[in-house]
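After this come two complexes, each holding subunit A, first together with subunit B and then together with subunit C.
This part shows the complex of A and B:
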């Protein structure tokens, strides 16, 4: 079996950004793979650009890191020149410029989210190629394929902070269950007028979904396990 | 005040013994010889007004504009050498569009003023360039509200409630200081600016003049535009009336 251990580090990934009434919640899984080998099972894919703007990274780990580094540098200079924190829109536009102008060399999808005093909480999706789209919520990465239907049903306007975070954790957890390139823990970052809060949900604290067996200590326990329950909401 | 800087005034890269750069001061004189330009910041926007001196009866009214739009949300009125002013306006327009291309939002007025000031200052640093012979009043409306800036030939830029440059600037400043700007709307401001320009115009020394006005305010949907014809006429009538009343005294 070929593990392709010399492949480029890639973050299969599930990344999510969601606005709520008063700010944004960003969420991501934590698996970084080289081929079939999990190079890092607890990576942090939510990276800081400024005090009030963060970015979720997916695709090539190196590419997304370098883009974040450049944008952090430009934003820092911009903040000094302007004399006040940069807006989320400006941060997203700088990310877009780097992604678009280097589209032939880069392979990374990003979600920029943050809060500023003029527009409040905002989410911008910047997929491969360098389009920029402002959205009430955005999903990205290989795991996001399994979440389109889920969000169509579960998303609503004007959620509270806790509702939004629970939605994000649930969604990442569902994607991890189905996407081989996503896994590990769920990390969230909440950004609002009061500041930034980071949360961590270990893999075993996540709800089990349809067909996922209970953990077993002995093969003989198979004889005693009840049949799996139907999915609840 | 004014003195001849014999020997120290030949180049903009020479300081005088008392620490002045005479070339820059002479550039400011070019501004002082031009028609008066006024800018005021009202509670809902900015009004710019220019006393455009008419040098020839053959000139078409409305030509030789002294007020230019730099971006959707901001405009500039120039005093002094008109050709120099055109360069500054062109540069400001270019800065505004390049900022928007990079950052994806309209350039904040403060940032625009800084860039214009830097550019004007640039031309005071090299012996092979001469300073700009014009001053500029820049008014704009961005997400922080209406703002008014003035840039001098030295490259200094300050933010103002009311500013005046050109021939009648002293008299104009006195008049502007009498106004209660924080309670005035732009509609009222237009009338006041017209009155002041008519008042400071020197009938004896200069012959005819044309009044040019622009605004950027809530009424103009935060876009910089010429004051609508109807309002401009109203303002001119009110200004002439006020002048007659004064003369009658």
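This part shows the complex of A and C:
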């Protein structure tokens, strides 16, 4: 059986970016696979570009990392020349430039999200090919296939920070349940006027979905718990 | 889609990394016609990613300068790049500050050159473009394809529209359509496309260009009709059929 353990590193992935009233919440799973093997079960797919702009990476791990590195480098110079923090729009357009001009060689879908003083919280989706689309929320990666219906129903304009983060965590968790290429923990990054907050939700802190059972330490614990008393009528 | 290096074979070379091989995020049909006061153009707001209707609020028609409107189907990233080229073209035109401004004929000609030259380098911009405009009372409506084929006509359509909309336009278009009749005719075409084109999305815009300028409508949706009695019970009398 060919396990294709020497395939290039790919982050199957589920990535999400959501705007709320005051900022953005970015979320992602943490699985990086080489073929069928999980090369890294706790990767960090939400990468910093500047103090106020982050990018969610999906697709080829190498391609998305090198694109982030180039854009971080350009943005650093841009910030020095500008004399103030770069806007989310500029960051997203730099990502688009790299993605579009190398479209034949790159295989990475990205979600750029951040906060700046001019436009507030903004999310830009940059899929394969280098199209740039500004959206109130964006989903990407292989796991996103399972979330189109979920977001059509659950997304609302004008959510609070906590509602937005809960939505993101729930969505990534649902995608992990069904997408073999997504897994591990749920990471979120919240960006607003007050700064950046990173959060970490290990698998056991998430709610259980259909056909999932409460995790146990051992069968022995189940056997040793007395079974419920039969009812007397 | 996997492109592993060194496995492309002897027939491809370094230069191949410079050609666009296939589109990723695509827009579907654009339909346009000449009417009494100018041009009317319609396009839905969908951006498809293969068979997924991924983006549902994409503006596929944009005004160019004072006199023209460009609608595009095909790869959206290439359309966005074309808009950048045109931005630069219009900017340089304005910088002459000579009171002259590029009209639709000139913009169409520029686009044709760009598309044809890219085709010759085997690196096409994967779009079908519709360019409409009015300058000094002269109405103009033209099309350019991704291989550089270009022409002018009283009504044009791209993609699926070629097969579904053009026959309707050939029958029902006439010189000096009123605005209302023009809109109704475009909506008739767009409704058929909505029924029969898998990549159509029910959110569209209609744009109008006259001597006064360009207006793009707000996004709106069309009502559809499903009330044929045959639709409610199509297999009556032939169970198991479809």
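Worth a mention:
Quick note on the criterion: the second predicted complex is superposed on the first by the 213 of 233 C-alpha atoms of A that agree within 3 Å, B and C clash if a C-alpha of one lies under 4 Å from a C-alpha of the other, contacts with A are read in each partner's own complex, and residues count from 1 in each chain.
Basically, a residue touches a chain if its C-beta (ideal position, glycine included) is under 8 Å from a C-beta of that chain, and two chains touch if they have at least 3 such contacts.
Keep in mind it's a predicted model, so treat the numbers as computed, not measured.
By the touch criterion defined above, A:122 lies against neither subunit B nor subunit C after alignment on the C-alpha atoms of chain A.
Contacts of A:45 after superposition: neither subunit B nor subunit C is touched. After overlaying the two complexes on the shared chain, residue contacts for A:57 are found with neither subunit B nor subunit C.
In the superposed model, A:187 makes contact with neither subunit B nor subunit C. Put simply, more of the residues of subunit A are touched by C, taking subunit B and subunit C as the two choices. In the superposition on chain A, A:107 makes contact with subunit C only, not with subunit B.
Looking at subunit A, you'll find residues 96, 132 touch subunit B in one structure and subunit C in the other. Of all residues in subunit A, those touching subunit C in their complex are 8, 96, 100, 103-105, 107, 125, 127-133, 135, 145, 148.
Across the complex, subunit A is touched by residues 102-105, 108, 110-111, 143 of subunit B. For subunit C in complex with subunit A, the residues that touch the partner chain are 1, 3-4, 16-21, 23-25, 47, 49, 52, 54-55, 58, 75-77, 80-81. Subunit A makes touch with subunit B in their complex at residues 78, 81-83, 87, 89-90, 92-94, 96-97, 118, 132.
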